[in-house]
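Chain IDs A, B and C follow the sequence of writing; residue 1 opens each chain.
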Amino acid sequence: MTHLNLNISGYEGPLDVLLDLSKKQKVDIKKISILELADQYLEFVEGNLENLKLSADYLVMASLLAFLKSKLLLPEEKEEVEEIQEDLTQRIIHYNAIKKLSKKIFELYQEGKDFHHCNVKNEFVISNAIVPKITLQDLILKYSEIFKKKNSIKLLADDDNLYKLEDGLKWLNQILKLEDKNWLSLFNFLPDGIINLKMRKSAIISLLLASLDSVNQGKILINQKDHFKNIMVRVK
Amino acid sequence: MNENEAKCFIESLIFSAQDPLTKDSMKKMLKEYGEFNLDKILNELKSDYENRGIELVELEKRFFFRTSKTLHNYLFVETKKARNLSNAAMETLAIISYHQPVTRAEIEKIRGKPVFRGTLDTLLELKWIKPSGRRETPGRPVTWITDFEFLKHFGLKSIKDLPKVDELESVIL
Amino acid sequence: MNENEAKCFIESLIFSAQDPLTKDSMKKMLKEYGEFNLDKILNELKSDYENRGIELVELEKRFFFRTSKTLHNYLFVETKKARNLSNAAMETLAIISYHQPVTRAEIEKIRGKPVFRGTLDTLLELKWIKPSGRRETPGRPVTWITDFEFLKHFGLKSIKDLPKVDELESVIL
């Protein structure tokens, strides 16, 4: 995976190290040029747009820093900027503390690993409980199970003649055969003559899913100017 | 490891083993930590647990702890097993708690399966559910709601304290 | 039943119970056989098992035996059970343990990322967390706290025994 290396006045090196240093207060994040940091951050994010697995940590930081940058660009009260910087610093410190603690919890002795429950053979059944062994957790999980099942039943329409993702992929693959790098409307690839409304809906859904899948696989690019505008695709 | 530690080690091994342990397997494990007299340790443990609530038993060269036979009279009294709630009863209970008041037909519709009278009886017996009036639809079916014991058992202040499903659902599905 | 028998009775009850027993339930069972001082019995049992392979643990007024922690070097088991929880689940657990009661939105704010349903389900299934009422803010969101099994699994006496880091103390504690 690509890493973000910063090269700005006041700091040079990877971002996570910066967080670490600022956490230990070896570097004062307030003195780091947030503008430069944000610029390099955005550059990094832009340069890695296809990489959907880009570290979520980086993305969260990028948006926070972009927000901070926009605040800095506006003629704001100096105090407010400092407040935001302070808030950001605190949140980084806090989140890093949580990450550290989550590791520390699992470094504790654990049942089944470092110590064990005592198993004693029991000649007799001893229990004063005639109440079923069911907990609140069981109940909630059971309900969400039913809920999930119910939803999936609803989604499995009674009609099994509906189009599938595979159909959508088949239609969309025509674009790969065209030796054309122009933007084309996605729905041009819908087969003609589907009159049945339900069938048409399923065709649209399978084509849309197919397009997203192809984008994910890096085969095509997808673009939509605005809400409800035409969805355009092109071979990558 | 000193002698006392070795004894503690063997004691905890027998206690935590899923199945009765053989002498051989204990010997092997003990050897890792030095030379000890396993027979002596086992005999000591046996006498440590004489006249106690549990006893160390040797059966077909395997060792395990079990509740003391001398307590037979006291322990035999309690014979009712903590029963497990059937899947049907759990589902029914979950549906009633989230959809109350709800009729049997409605529960069946949500489950996609029939709900037998016995299932409702089980929950009634526990006082986890109770009937609550009738739905003013053809047939005037009885509706069901959760009862006081339900809240008590699950430590809820009110039925409103159950998490809602959308609260549990993720932001991005 | 004499005093020694009462002690043996309680000892075997704790050993053979499926789940940690509460004082109340022990008291109820003991009462069938006469008047005994349960606290005294429990204290005696606790000291009987000092410096042995197993120890009697009291956690949230419930009692159970487990192998002594001092033996962890010898009893260490590399189990598959020592689950590989996802980072998300580990972080969520940490946030719940240090900030409880805490809502899902608050967890998301601290992590800066959404908390998925599966993550909470995993922790619910382990019985490490449970819902605990609602926050009296708009929407009345459910709050989450750690459950008994969490303390039991990590051998903690109380939530106050959780590891600490300086950073967190200055920020929130």
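FYI, a residue touches a chain if its C-beta (ideal position, glycine included) is under 8 Å from a C-beta of that chain, and two chains touch if they have at least 3 such contacts.
Note that the coordinates shown come from a computational prediction; the quantities given were computed from them, not determined experimentally.
**Student:** Report the most central chain, judged by the distance from each chain's C-alpha mean to the global C-alpha mean.
**Tutor:** C
**Student:** Which chain has its C-alpha centroid farthest away from the centroid of chain A?
**Tutor:** B
**Student:** Distance from the CA centroid of chain A to that of chain B, rounded to the nearest Å?
**Tutor:** Result: the chain centres lie 38 Å from each other.
**Student:** Starting from the mean Cα coordinates of chain B and chain C, work out the distance between those two points in Å.
**Tutor:** That gives a centre separation of 16 Å.
**Student:** Round to the nearest whole Å and give the separation of the Cα centres of chain A and chain C.
**Tutor:** Here chain A and chain C have centroids separated by 32 Å.
**Student:** Give me the residue numbers in chain B that touch at least two other chains, ranges are fine.
**Tutor:** As it turns out, chain B has residues touching two or more other chains at 12, 15-16, 54, 65, 67, 75, 78, 82, 162-163, 168.
**Student:** Indicate the residues of chain A shared as contacts by at least two other chains.
**Tutor:** Chain A, residues with two or more chain partners: 116-118, 120, 122, 124, 126-129, 133, 135-136, 140, 144.
**Student:** Which residues of chain B touch chain A in their complex?
**Tutor:** Residues 12, 15-18, 20, 54, 57, 64-67, 69, 72, 75-76, 78-85, 89-91, 93-95, 97-98, 110-112, 126, 153-156, 162-163, 165, 168 of chain B touch chain A in their complex.
**Student:** Which stretch or stretches of chain A touch chain B in the complex?
**Tutor:** 116-136, 138-140, 142-144, 146-147, 149-150, 153
**Student:** Going by the contact rule at the top, pick out the chain B residues touching chain C in the complex.
**Tutor:** 1, 4-5, 7-13, 15-16, 33, 51-54, 65, 67-68, 70-71, 74-75, 77-78, 82, 157, 160-164, 167-172
**Student:** For the complex, which residues does chain A have touching chain C?
**Tutor:** Per the stated touch rule, the residues are 23, 56, 60, 64, 90-91, 93-118, 120, 122, 124, 126-129, 133, 135-137, 140-141, 144.
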